[in-house]
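What follows is a short report on a single structure.
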Amino acid sequence: MSHPDGALVVEGLHVGYGEAQVLFDVHLAVPRGRLAACVGRNGAGKTTLLRTIAGFLRPRAGSVRYGSVDLVGRKPYEVARMGIRYVQQDKRVFADLTVRENLRLASYATGDWDWDVVFKYFPRLKGLLDRKGGYLSGGERQMLMIGRALLGRPKVLLIDEPTEGLAPAVVEQLGRVFEELKGQATLLMVEQNLPLVGRVADVVYAVKEGRVVAEITDPDAIRSGAVEAYL
Amino acid sequence: MDAHLWISGVVYGLSMGSIFFLLAAGLSLCFGLMRIISLDQLLYYSLGAYVAYQVNVSTGLTWPAMLCGALAAGALSWVVERWVFDRIYAREITFTMITSFGILVAGVGAIKYVWGLVPRPMGIPVEAQVALLGVNVPVYRIIVIGIAGAVYGAIQWLLNRTIVGTAIRAAVEDVDQVEGLGVDVYRLFTGTFVGAGVLSGLAGALHGPLVMVDPQMGLEVVPFVFMVVIIGGLGSLKGTLVSAFLVGQVVSLGSLVYAPLAQMAPFAAMLLILLWKPTGLYGSALLRR
Amino acid sequence: MSRRLRWWAGILIPFGVLAVARWVLPLPFLVEVLIFSVYTMACNFLLGRVGFISFGQPAYLAAGAYGTAFYLYYFGRDPLLGILAGLASGLLFSAVVGLVFVRLRSDYFALVNLALAVIVYHLMQKVLAPITKGDNGLWFLDRMTSTPVLDLTRPDGFVWFAWLVAVAVWALYKALDDTVFGACCLATKTNEDKVKFLGYHDFKIRWTAFVLANTTAALAGSLYGVYFGFVSPEMASAARAADPVVVTILGGTGTLYGPLVGALAYVGMKDLVSGVVGNWEFFVGLLLVVIMLAGERGIWGTLEPWLRRRWAWRRPAPALQE
């Protein structure tokens, strides 16, 4: 398979903590401007995969490349500055910082002080600028996290469980946002919500016990939820 | 008892509290941000005092000598941060504590080697006294108090009004998240560590004229600085300020009541406070990584 | 039967070597190593088994030493009773202090202990100077009476006594590892909450461990007192606060022989270095940093796996019926 410039390619990735190995020989490739979703049970190693790509974990073997650049061995902030932004799970925003300060921090890190892109996708944040992160609802936090990651024109977005525990209306809104973002960035997402995956994903990787057990590219299969068979 | 004695006792306690604050603030910030206990700060304190003493003796200058002391301390802390702490930030707290204790002990050994064991007297920048409520008080002590107040204000301004301060506050909460946004947190760490080193050196230099400069001075203030940090709560700047002045007063006024007990009174105060609040006055549960 | 024999062999072989060394090494060196290893064993237990790091060990050392000194200087003449007095005072001191300290989080614990050492130092040097004679210390070498069988007032008798004490302490701590209590200690180190869920009383376990270890440190203090016939506040000096922690880590934290190996290396190095440059503090500090950066496994922690491999390679495979 040839990978055009701008693809996120993971090859032969082995990752572990101490004695325990979590990921075994993971291969995946997300073409530029596409959305790939990782599905799998809790503990399958999906978050470990995203954390490794983002530079928080160092793989034992294997490579992570974006275009022609090798990401392995780079520090998380370097990876982030290259435009590969990681949106962590559990909706972690800075509880003690206001929305404005949260955004300013992202602007400071990326040098991009134009917040229009954030408000274009999440107009709601505009009215919450002076509210502290700790007082936001789960949906608002998720908006802030993704919004923060949009500053500095990201090339790749790694999004971990964005819709977990959110109201259907918010999930619906996030789904629309993901569909719009697809054209501009490459997305790799961990998501348990199969209907949402069926709607937005171009590729689905089923992860089981640290291995990719299936790569589904057929749009009909994705939409029909055939992924479920691999969980 | 004589009211005059009490007033000068309070001033004495405030100036001593100021020194404690300068030392403990750095320790406390390093804990909050990097989750390290940097005992080597006490080495920078001693070094600050010795360099200030040396420059003072060779040139006769006083304030510039103290500045030299603070800068030398900052330089050493930078070297230690690059060579040692940079490798061990990810380790647990006790690990950094033991390692930094090693640095402290080695540094004190080196100071003994260079300057010998004999305590050295250091020149005081301002000899004048000023009348305060009818009591003559050394101006120098008041300046020391002023400097500590200014440093507190500056740190608060930095934390709350600048983008770097925002990054520091954010990193105290969740360092991974800050790094994930693309902030070079290691530069924040280095900056904070060196800043703490400079403050420790400043504390030593300012303390020099009030006591003798001697190799054990770092180890001698250890319990007091710890008391300040513990009573205030690790990682809390406001708590550090409050408890620094509290400990200063207890030591100073305690010695007016019964001199030998002055060394023990803060310890008793600390025990009581810890019994009541095991994480100190302002130590918050929020400070978890 | 053979299991018990093997259990004891684990202790008697290394100490047997040390006993033989009595005729090779200088006596004061051997005594220092033995007492220091007991002192370090306490710290090793706290650090390696319970997860307490204490920079205040000199406080407990001094508690034992002064218990012994007070008895021998003011009341009696029998060194054995003096050591008992030291043990009792160490027990009492750590039991009371432990009630407060054990509740603290580990980082606070370390700092508070160091503060305690300084307080004890000031207490002995200034506040209690009328009884402790301040910096001059208490001298009672010629007050002590000879004891039967092993004469503690003579160095060649004392060294065997110290040897016996060290063997007993080792046996105690080794036995402790196999008990429920030992397992609980290790469990509190790893995860306090889970121990509570299992129904064990976390505070009691930590308190008992604290008292046990610090009484051991006090025992070392008593031994020093009797050996030198002299006790001064210098014993509680914060400048020596790092010693047991350094030696624990030098030997290999949490290993059985770590304290012994560490004490041997440390005392040996101190004697050698101070003979050459006289400024051994610098080297001790540097050494500590280097060991920490090199992976904190210490001498025995590094040697043990290697020895095991050599041993296993030479020995035929163990019989299955064991």
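Lettered A, B and C in written order, each chain numbered from 1.
FYI, a contact is a pair of C-beta atoms (placed from the backbone, for glycine too) under 8 Å apart; a residue touches a chain by one contact, two chains touch by 3 or more.
Computed from a prediction, not measured in an experiment: that's the story for all the values here.
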item	value
Contact graph of the chains (line, ring, star, complete, other)	line
Longest centre-to-centre distance from subunit C, chain (CA-based)	A
Chain nearest the overall C-alpha centroid of the shown protein atoms	B
Centre-to-centre distance between subunit B and subunit A (centres being mean Cα positions), rounded to whole Å	43
Inter-centroid spacing, subunit C versus subunit B (mean Cα positions, whole Å)	32
Approximate Å spacing (C-alpha centroids) for the pair subunit A, subunit C	53
Of subunit B, residues touching subunit A in the complex	163, 166-167, 169-170, 173-174, 176-186, 286
Of all residues in subunit C, those that touch subunit B in their complex	53, 55, 100, 103-108, 110-112, 114-116, 118-119, 122-123, 126-127, 238-239, 242, 245-246, 249, 279-289, 292-293, 296
Subunit B to subunit C touching residues, read off their complex	31, 37, 84, 87-88, 93-95, 97-99, 101-110, 112-113, 216, 219-220, 222-223, 226-227, 229-230, 234, 260-261, 263-264, 267, 270-271, 274-275, 278-280
Residues of subunit A defined as touching subunit B within the complex	54, 56, 75-77, 80-81, 85-86, 88, 92-97, 101-102, 104-106, 108-110, 148-149, 152
